[in-house]
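Some structures to go through are shown next.
Two complexes, one shared chain (chain A), two partners (chain B, chain C).
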Partner chain A sequence: MLVNRKLILAHFWLAFGVFGVALTLGAWQMFIRSPIGTWLSNPELYYRSLTAHGTVMGYVFPTLVAMGFGYAIAESALEQRLVGVRWAWTGFWLIVVGSVMAVIPIALGRASVLYTFYPPLIGNLFYYLGVVLVVVGSWIWVALMSINLRVWRKAHPGAPVPLAMFANVAGSYLWAWTAVGAALELLLQIIPVAAGLKNTIDAGLARIFFSWTLHAIVYFWLMPTYIAYYTIVPRAIGGRVYSDAMARISFILFLVVAMPIGMHHTFADPQVGAGFKFIHSAFTALVALPTLLTVFTICASVEIAARLRGGRGMFGWIRALPWDNPMMLALAFSFVMLGFGGAGGLINMSYQLDTTIHNTQWITGHFHLIFGGAIVIMYFAIAYDLWPHLTGRELVDIRLIRTQLWLWFIGMIVTTFPWHWVGILGMPRRMAYFDFSDPAIAPQALSVTFSVIGGFILLASGIMFIIILARGMRAPQADAGAYRFALAVHQPTTVPVALNTHALWVALMIALTITNYGYPILNLATAAGTSVPAVYVGAQ
Partner chain B sequence: MSTRDLFTFSNRHFSIGVGVTAAILIVTAIAGFVVLPFAQPWVQFAGVWDAICSAAGLPQRAPKVIAPEQGKRLSEVVLTSGTLSRPSQEAIGRGATLAQRCAICHGPTGISRADSPNLAGQYAAVIYKELHDFRSGARTNAVMSPFAVNLADEEIADLSNYYAYLPRLPAYHPTPQLPKPNIVIYGAPMRGIAPCGSCHGSLDNKTGSPWLEGQSEAYMKAQLKAFASDERHNDISQQMRNIARAMSPQEIEAAAAYYASQPPDIVKAVD
Partner chain C sequence: MSAEDTHGSSVEVAARVERRWTAIAVIIIVAMALLAAFAGIHQATMPQPRVETTDPSRLHLSGEFVESNLGSMLEANGNVTVRAIGQQYSFTPACIVVPVDTPITLRATSADVVHGILIQGTNVNTMLVPGYISEQLMRFTRTGDYLMPCQEFCSFGHEGMWGKVKVVDKTNFANRAKAGGRLSCVGQ
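Let's turn to the complex of A and B:
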């Protein structure tokens, strides 16, 4: 029952519009620092572009996708009208205003601080205020998801919450709590300095606050993808979810262990004790668990579809899968990229192995493969799946959709594999240019050139994606019917209260945040002499 | 079943969820705070509590380590955004009066005729830092030091603001503009030399680094050699000394000639 289609479409169009702009900037950045581009002679322009790319891709794009998809789930899975539509529009417009407010200082070169903020580097105040507005807008969505579920529960006492909504609300709670870290950093540390009230900043403490956000935010980006794995893919390929309970366990595990692990981003930071680094490293290893559970459950669900289609044998069923179905294709590509990206992630989270690749292009390769690859390709799939229900028109370009997904997959592999490789060779990340005529790095020129080609394949695929959606708005009208989610093999009739509510898991998430972050934050906040003078962007 | 039934140990999910989480936390904490610190044979701890404090990141004073004796005075200038912001017209006027004594070397318009630095339009933070360093003895020069030694803090700020306020004029003997040499634009990565241009103009300008366009070639060469020989040592963390030591004589020539040939009106403006 999709009633507020305009609201959902507005979120998706804004998300994909800004995605297109940021994607173009990304391709340009790759070109300009590669051996085939001519050096700009102005690194500031590069960092300006990099800040815009990161801010849009990290804060605006995935948040809008999660919000739009969340509203769609709330209406179609709960089969009730969205409560708080006006608030939802308020949240949307806060994000619009926040994005514009953040982008103007970036474009003027007043906020080239990258999306990770990098204190003591300080940019224009309005950049930070813009980011705050985006986060506040998304918190409205968090509240609405919670309220809508509550309204549904009242009308259906004791009934199992539909899996899609259960996962969606888990994702929204994860986001609400993980965004607190960056919010504390902005409000307590950066904004007072950017506003001129202070001119020193505790950069070490600020980095710890940011690590609170920076890792769990990835799992927030991942949530729509995982929801699509469990609740869209099996239905789209004619199968069933292997286990509803396993799916719920995966989502609550994300809620509990995605949060207290962010310090694996600060392994090289001297202000954090080695004991806490170890705990965070160990908990990061645990986060592989829900992903492995998911891979198992989804492979089993897909096998069910294959066997229903007449697939036989130990592996012979794989051939019986509907490989011409874009959803099948997207899932397979997503899993391959998740596999490679996840394997790389195991290296990043290991204290000792991390030292070999810390701050190199390996890291850039890793998070592009996971986020840009495994996650974003499922965002495409979600949009393709929802579009006919949102527009009331059929998406007719199935061949084009398949080409687009193939190109994204190939482009992402060609972009990120060479990045991993040059990272192992020691190429640092966040560099505006490299002198490839220097014999020390000349051998890396070929790998970097390949990755630029990958970047342009991605750009082509992104443009195709937007064209497909735009053409879908003008296709002949067709009734797509009600929007449905996948059913489980054993559709639950009763679910234990622990797997039907989030309270216990949210409590554990907060408790682990306190145990794993409490002391390091308190220690740094109370230590004297840890502040350094702020470095203002553009000041001499 | 309500949430009240959830938060009780009689609920299996609650007891398992909380129990497993707590167990993992305790095991990792023991490993991270006790086992692993003692697994490092090169670190000595007084006891278990000492190891825990160290692993928790509690700042500890290193015993019996005497700070190395510092023979030379080092720069003590701290620049923050508040140091020289928004000078008043009066401050600039006072600076102009004080600057009359500087004109003999640095020129009446801030453009030197004697291979001293051109100060017209130089960043205020740069003049501020150098005057402070001359005054404290972190930088010494037979001519400059006596001028700086009696300056008050306010006079230094006024002079800095006055020179920063002056328009950037061409050098006294402008030479044809030279193309950018590699050392300016790329540095020398193999020898750990960052490009000159990444701090001093042509690529970017950084706080505390002077712009160099149109400065005297002889002066810049002399300063690079002074950094290389440790005769000048007011650079923080030896950042210029490390670069100058690694530069070849040809690179020093090329960088100095290039910057001397550039018109100062291409310098990036300051807000």
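Let's turn to the complex of A and C:
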């Protein structure tokens, strides 16, 4: 029962619109710093572009997708009209205003601090205020998800919350809490300095606050993708979810252990001791658990679909899968990229191995493969799946859709594999150009060139994606029926309270954050003489 | 066997397979954490353990990072200590000279914004955060020149911030160290 289609479409269109712009900037960045581009006479332009690319891809695009998808889930899984539509539009417009407010100083070169902020570098005040508005807009969504679930519970006392909504609300709570780290950094540290009220800042403390957000935000990006794995894919390919309970456990685990692990981003930092670094490393290993469980459950669910279609044998069933179905294709690509990206992630979070690749192009390759690859390809799949229900028109370009997904997959592999490789060779991140005539850097030139080709393939795929959606708005009208989610093999009639509510797990998430972050933050906040002079961007 | 039984036993089988997989996943994770703990404790491979602070606005006035104290220094026990700072957009010294096969302690900090030191072809890699001192132990097994780029965005000139490490043989280094003072590639 999708009533507020306009609201959902507005979120998706804004998300994919800004995605298209940021994707173009990304391709340009890859080209301009490669051996086939010419050296940029003004490297500062590169950092404007990089700040815009990161801010859009990190904060605006995935947040809008999660919000739009979240509203769609709330209406269709709970089968009730969205409560608080006016607030939802307020949240949307806050994001629009915030994005515009942030992008103007970026374009003027007054906020080239990258989306990771990096104090004591301080950009224009309006950049930070813009980011704050985007986050505040998304918090309205968090509140609405919670309220809508509460309304449903009142009407259905004791009934199992539909899996899609259970996961969706878990994702929204995860986002609400993970954003607090960056919010504290912005409100307590950066904004007072950007506004000129103070001129010193503790850079070490800021890095710890940011690490609070920096890792769990990845799992917020991941949530729509995992929801699609569990609740859309099995339905779309004619299968069943292997286990409803295991799905709930996976989402709960993400909620609890995605948070207290961010300090694995600061292994190479001097402001935290080895003890907390080890604790965070071990907890990061733990967050592999929900992913390993998911891989099992989804593969089993897919096998069910194959066997229902007459698949036989130990591996023979793989051939029986509906490979011409875009959802099947997207899932397979997503899993391959998740596998490679996850393996790389284990290296990044490793207490010992991280030092070999920290802040090299390996890291850039890693998160593009995981986020841009495994996660975003499922955003495409979600859009394709929902589109006919939102527009009331059929998506007819199935072949084009398949080509688009193939191109995205190939493009992402061609982009990120050489990126990983030059990272191992020691190529640093975030540089506007490299002197490939230096004999020590020359061997990286070929890999970087391959990577650029991948970037252009991605750009082509991204453009195709937007064209397909735009054409879908003008296709002949067709009733797609009610939007449905996958059923489990054993659809639950009752669910234990712990797997049907979030309160306990939210409490555990907060408690673990306090044990893993409380001492380092207090320690740094109370240390004397660690504040350093701010360096204002554009003032030099 | 009734339909109800078949249903019940299939639930049982499904749950058993699932439990087995969960156990494998947990074992993998515990093994990884134990491996990291073992290597950390037994081989002392771990990130910087201690937190030390310094005032970046007074680096040039007094303390261990005054200009005359930057560079490589031969300690009484034969080890070498290297002190360096990063600032927009260079390292001081821009070219570090060290002996091969010698335990070296790198101590470095930033004079302004966040920088990073990465020595290509090695696993020497640390952040330079203003206000804090980074310390890293290293040992080079090959002589030669290594590139040392700044690995963290430090504003518009970041792409030009490349230093160098020159690893020389031990006698060469010892001869140059005889005169005392702090060594860098200058005069090499």
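Following the convention adopted for this analysis, the second predicted complex is superposed on the first by the 540 of 540 C-alpha atoms of A that agree within 3 Å, B and C clash if a C-alpha of one lies under 4 Å from a C-alpha of the other, contacts with A are read in each partner's own complex, and residues count from 1 in each chain.
Simple rule for what comes next: a residue touches a chain if its C-beta (ideal position, glycine included) is under 8 Å from a C-beta of that chain, and two chains touch if they have at least 3 such contacts.
Only a predicted model underlies this, so the values are computations on that prediction, with no experimental measurement involved.
The partner of chain A that touches more of its residues, comparing chain B with chain C, is C.
Within the superposed three-chain model, A:P43 lies in touch with chain B and with chain C [touch as defined at top]. Shared-chain residue A:N359: touches chain C; no touch with chain B.
By the touch criterion defined above, A:F276 lies against chain B but remains apart from chain C after alignment on the C-alpha atoms of chain A.
In the overlay built on the shared chain, the residue A:P428 is in contact with chain C alone; chain B does not reach it. Residue contacts after overlaying the shared chain place A:L508 against chain B, while chain C stays out of touching range.
After overlaying the two complexes on the shared chain, residue contacts for A:P496 are found with chain B alone; chain C is out of touch. By the touch criterion defined above, A:F296 reaches chain C but does not reach chain B. In the overlay built on the shared chain, the residue A:A288 is in contact with chain C alone; chain B does not reach it. Of the two partner chains placed by superposition, A:E79 touches none, neither chain B nor chain C. On chain A, the surface patch touched by chain B in one complex and by chain C in the other comprises residues 43-44, 271-275, 277-278, 282, 286, 438, 440-441, 527, 533, 535, 540.
Taken in their complex, chain C has these residues touching chain A: 11, 14-15, 17-18, 21-22, 25-26, 28-29, 32-33, 36-37, 39-40, 45-53, 55-57, 88, 109, 112-114, 116, 118-121, 123-135, 145, 147, 149-159.
Only residues 39, 41-44, 158, 196, 199-200, 256, 271-279, 282-283, 286, 435, 438-441, 496-499, 501, 503-505, 507-508, 511-512, 515, 519-520, 523, 527, 533-536, 538-540 of chain A touch chain B when the two sit together in their complex.
For chain B in complex with chain A, the residues that touch the partner chain are 1-3, 5-7, 11, 13-14, 17-18, 21, 24-25, 28-29, 31-33, 36-37, 52, 54-59, 78-82, 123, 125, 185-186, 189-190, 198, 202-207, 209, 211, 268, 270-271.
The touching residues of chain A, when paired with chain C in their complex, are 43-44, 46-47, 112, 114, 118, 120-121, 202-204, 207, 242-243, 246, 266-275, 277-278, 281-282, 285-286, 288-289, 292-293, 296-297, 300, 346, 350-352, 354-356, 358-360, 425-426, 428-434, 438, 440-441, 489-490, 527, 529-533, 535, 537, 540.
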